[in-house]
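Next come two complexes, and both contain chain A; in the first it sits with chain B, in the second with chain C.
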Partner chain A sequence: MKRSTPRRGFLARLRTDKDGEWAPFVLPALFVSVLLTVYPVGSLVWTSLTNIGPDGVQFVGFANYVELFQMPRFARILGNTIVWTLLTTLGALILGCVAAVALEHRAVVLPGVWRAILLLPWIVPQVASATTWKWFYSSEFGMLNHMLMTVGIIDAPVAWLSSALVVLPAVALVQIWSTFPFVMLMVSAGLQSVDESVLEAARLSGAGPWQEFRDIVVPSLRGVLFIVSLVIVVWALNSFTIIWVITQGGPAGRSSIFSIYVYESFRNFDLHRSAAASVVLLVASLIFAIAYMARLRRQS
Partner chain B sequence: MTFARTRAVFSGFVAYAVLTAFAIFALTPLVLMFATAFKPSVEIFQIPPRLLPDQWTLGNFQTVLFESDIPVYALNSLVVGGGTTLVALTLGCAAGYGFSRFRFTGSSFFLLAMLVGQLVPLAALIVPFYLLFDGFRLIDTYGALIIGHLTVVLPLVVWMATSYIDTIPRELEEASIMDGASRLGTLWRITLPLAFPGMVAIGVFAFLNSWNEFVLASIIGVTNASRTLPVGLTEFAGMFTTDWGSTMAASVLMTVPVLIAFLFFQKYFVKGLAAGAVK
Partner chain C sequence: MKTKIFGAATLWLLACGPAAAESITWWVPNWDEEAARELVASYEEANPGYDVEIVITTWDTMAQRILTAMSGNNPPDLITELQSRIVLYASRDMLTDVTDWFDRDLAREDFIDSALATGTFDGRLYAVPFRHDGSGLIYNRDMFEDAGLDPEQPPRTWEEFVSFGEALTVEQNNVITQYGTAWPFGNLDNAVVRYLQLLYDGGGTFFNADRTGVELDSPAAIDAMQRLTDTILTNGIAPRSSLEIDNTGLRELFANERIAMFKGGPFDVDPLVDAGMNIGTATLPGTGGIGTTTVDGFSVLVPGRANNPEAAWQFAAFIAQPDSQTRLTATFPANRIAAENERFSAPLLQPFLAQLDEGVPKPSAEGWGEMQRILFDHMQSILLGSATVEDAMMSANEEINALF
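The block that comes next holds the complex of A and B.
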């Protein structure tokens, strides 16, 4: 996370600035990036504030937002988005931390091989893995029902993707499966950077292994966990591929979250309401992104 | 890996048990993907299902390669991924050099903005991109897909290139400039060769991001002229609603190049990913 160059004072930075040698290197990429972010976002906000009236496109203020919030489906989509974000974030964090702690255990030989295996769900293209999970979940011919029945966990096949209550957690599990490796990677890097001398000192002053873990290792992971949580939340809010491929938000909207609604209303040629929903999604993500940026800035 | 962070809180046996459970969790769907791809259709729909095929067959791959449009989609994905990578690497590595070697007003802010930039949700930008490309009659072209993918890939490449060039000691460049070489000459003869392996890894990473991208591609690549593999795969699954063998074979074809790249570049990926919090 840390950049190797130490941050200098404002004056020093200004001084190296004066010949502008950096400009030809940095400006093209900066220009393209700004253009590709600022223009679409600006255009999006504008679209969300307009609609097609009798005289073509008209400014309508927040009418699209009001319509959006008053939709009968709105409460369900909002609820689903919150449940989805909580489930996938907590799930990935817990699984990722457990995996990292096991991976960094001293007794484990070939940790590199284990790491590579556990990283696979994250490496595989999401469309391909989501399609596979859809097949895995199939109620009649699906492998999951068969495996769970063989082991004796369930007696009859579960309709994972068509049961109103099960579908959202089932799809969330796929998102957890594909993002926990990221948490594992970051936390295990964090574990490796715990200060050895502090641990040594604690040991000498008689701290037990559990105390050592709780009072030194866990607190030193706080920064990593904070950043990882923010990234995972942003991913969860904007996750689209997994849900779309597996259920398209169904059955009857039971697994539909904001990003799915954005896509659906776009497909139904309701560009202006889709834009309003997109802005809501962007603002929600932006809150976490700004926290992320502030935190990184403090660290560097 | 000789540290002992988590030693003795629990035993090595527990660590192995946990890792084994995770490996099963991670691998089962992938084994299912590969196994189904090699199964004849009678076995795919047999009850009770079995994970591994009794009779291995290449029939599903034959269907995908010779009787479907998947090869066309793969070609489109290659072109779009290649174009995105080329542009992102050219602009991104120059910027990485600039960010790494010069401090200027706002440089640390812009660099952080790049890191946040690659988190921009493409799913929330489909409306403006659609309107933009529709206005320029670019829907269903490679150009539109490349521009769209650059939105997330370029910031990613800038960030990764900066961290990579940071690891190349600048003393080498200073020595070369002392000896009378120009800055550009130094860049060309000293920095670029040293940065090459990192650039390759970053390029592969950029390519994979484009290769995997789904939501934007699904609204731009509306016909075979530019439809990419991820989009083609979902339509494939819809087209033959019951042909899971071919669908899984197509998934395998899409996944294998990614796995090979991961094997070769694991070291760089793990470092780059951890440094940039990216995907």
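The block that comes next holds the complex of A and C.
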């Protein structure tokens, strides 16, 4: 008796096809990918390796990168970028987790409504929110100093945006405010997947709330937190609107990060150095993106 | 003068008459769109067969878009662009030299000198200016009266400006509720312009005579920075939050009656009057009299690689006419005859018009953006208290000279 082989699925056939049937399905996507991703990135890298001279565009190797790294303010921009990324990532993670866990508490009525309200900072266009925060922070005329002085927390106005030490954390707070809802949303989804029977078993075994959270909830969220962290880090590295609207990287470069420098160079018609800085930023983001992809692949 | 321009206009109309079948593309910023479409309609009606296609640009993207287009092989035929960027394009050989066409069809004496200067590079002309303006002093007449100052007698000199500012700064319960003035030191372009005005007013120059370096270590350059930063650090007539605002924020502070005077432009007047404010205007207070303003505005230029440069010039020459300039400019025209139009006769605008004769174009050079950045950072360092004026200017001078 002849045995019939099971019919293979579409994707399985596509993955093992040797007769070229895949071409009509894959080639259009490949073409679009090359057009929208590979070509612009290639063009960017090429621009970073060239310069405009008397004879037109000339290949200069890594000269633009050397100039970039030798800039007097390179160290400050690099330092600011690291501090900015750490502050905004940790801040958004902590605030997002706290909000997500708090919304799970039984004392919170209408958690769905609160969740929607807390999502607003993420939804509001960053230009609008940054402009509002800018006036909120104003030294002499801002609402923040007015409130803090009214309740007696400070005696004199704080120069939130015109103090060398305070400006970067102050602007980072706006980025945290803008991105923590994303963390909250993802962690909330992660919390829904925590196995209630495991928690109940832990409770029967005498585990307290803190032990439940530390030994069961946090390990269950590890995968979500890893991916959320990577996304937040990439957002932080590429962040532009909030800083530009509030301080333009000032005062005296104290809140300038790489993405701000990229824009400034481009605005100053220094396209080649701007491209070099963009490639540096791209490589930094790629490290996190590759880690993200690797994690996703392991999960699937 | 008028005879020559009208004669030239007639010649030009004859030259490009109905037989010409031409088509050009004109890039226009969105705030000029309505007036530009009206002008095009008038021109196309008078010149059957001539077609102008308008493409709209926006302030945020126009510089990059224009630079990219002119670097490519298919730029538009005519572009409206900021005057202070023209020399940069000309120095890169990206523009059509219109000197001969201009002298053939138009009269230089009909244009404000500083407006033509913004489009001149190495003695050649590369653009037709149609909008031109500078700064003036805008003040709150009610606040002047409250401070016991005569609103009919605004400050005429820098010393008066400072003493008026002190009288207009109000402190209540150890908190300053009103300042004499403020500065847009949170914005690179706005801040550097304010410094340049004082630099020129004091007789200083940004570049040295042969443009091989800068002179920011000169006594005039140091004095200008000292005077400017003293208004915040020493005299206290301007708030420290000047470091946080740009020109728009500055106007907001004035509109909210937090400051009594500011250096603004003619475009600031209408919104403030419309908001019901009782304002006065004056020429800039300078050293011993009227101060110096930096001037800027908009011109039309023909890219070097334009497909149809001569047809573009025909339309540019039309824009140069007094009537066209009156209709197109959002502030003042660059054409002196157009400036006599009643549209510009409002008393509050007259000081701005008078100020143009004391106008100096903003510097423009390869790497100007980076030069501004260096100066701006050092200016902010002074205000943060991390550098003295002299040290900051010496450092700025050294860093900028390293760019040459």
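Methods note: the second predicted complex is superposed on the first by the 267 of 300 C-alpha atoms of A that agree within 3 Å, B and C clash if a C-alpha of one lies under 4 Å from a C-alpha of the other, contacts with A are read in each partner's own complex, and residues count from 1 in each chain.
In this text, contacts are C-beta pairs under 8 Å (C-beta built on N, C-alpha and C of every residue); 3 or more make two chains touch, one makes a residue touch a chain.
This one's a predicted model, so the numbers in the text were calculated from it and none came from an experiment.
Placing chain B and chain C on a common chain A by superposition gives a clash between them.
When the two complexes are overlaid on their common chain A, residue A:Leu296 makes contact with chain B while staying clear of chain C.
Of the two partner chains, chain C is the only one that A:Ser139 touches; chain B does not reach it.
After overlaying the two complexes on the shared chain, residue contacts for A:Thr247 are found with chain C alone; chain B is out of touch. Of the two partner chains, chain B is the only one that A:Val32 touches; chain C does not reach it.
When the shared chain is aligned, chain B and chain C each come close enough to touch A:Phe266. Ranking chain B and chain C by residues of chain A touched puts B first. Once chain A of one complex is fitted onto chain A of the other, the partner contacts of A:Leu161 are limited to chain C, with no touch recorded for chain B.
When both complexes are overlaid on chain A, the residue A:Pro72 reaches chain C alone and has no touch with chain B. Looking at the shared chain after the overlay, A:Leu282 reaches chain B, while chain C stays out of its contact range. By the document's definition of touching, of the two partners only chain B reaches A:Gln192; chain C does not.
After superposition on chain A, the chain C segment that clashes with chain B is 61-69; the remaining candidates among 61-69, 187-195, 277-285 or 367-375 show no clashing C-alpha atoms.
Once both structures are placed on chain A, chain A residues 134, 140-141, 266 are touched by chain B and, in the other complex, by chain C.
Chain B contributes residues 1, 3-12, 14-16, 18-19, 22-23, 25-30, 32-33, 36, 44-49, 51, 91-92, 94-95, 97-105, 107-108, 110-117, 119-121, 123-132, 147, 150-151, 154-155, 158, 162-163, 166-167, 183, 211-212, 214-215, 219, 230, 233-234, 237, 244, 247-248, 251-252, 254-255, 258-259, 262, 266, 270, 273-275, 277, 279 to its touches with chain A in the complex. Of all residues in chain A, those touching chain B in their complex are 1, 3-5, 7-8, 12-14, 16-17, 20-26, 28-30, 32-33, 36-37, 39-44, 47, 95, 98-99, 101-108, 111, 114-129, 131-136, 140-143, 146-147, 177, 181-182, 185-186, 189, 191-192, 194, 196, 199, 209-210, 213, 217, 227-228, 231, 234-235, 237-238, 240-241, 244-245, 259, 262-263, 266, 271, 274-275, 278-279, 281-282, 285, 289, 292-293, 296-297, 300.
Against chain A, the residues of chain C that register as touching in their complex are 63-64, 67, 88, 176, 179, 186-188, 239-241, 243-244, 253, 256, 258, 367-370, 373, 376-378, 380-381, 383-384, 386, 399.
Against chain C, the residues of chain A that register as touching in their complex are 72-73, 134, 137-141, 159, 161-164, 247-248, 250-254, 264, 266-270.
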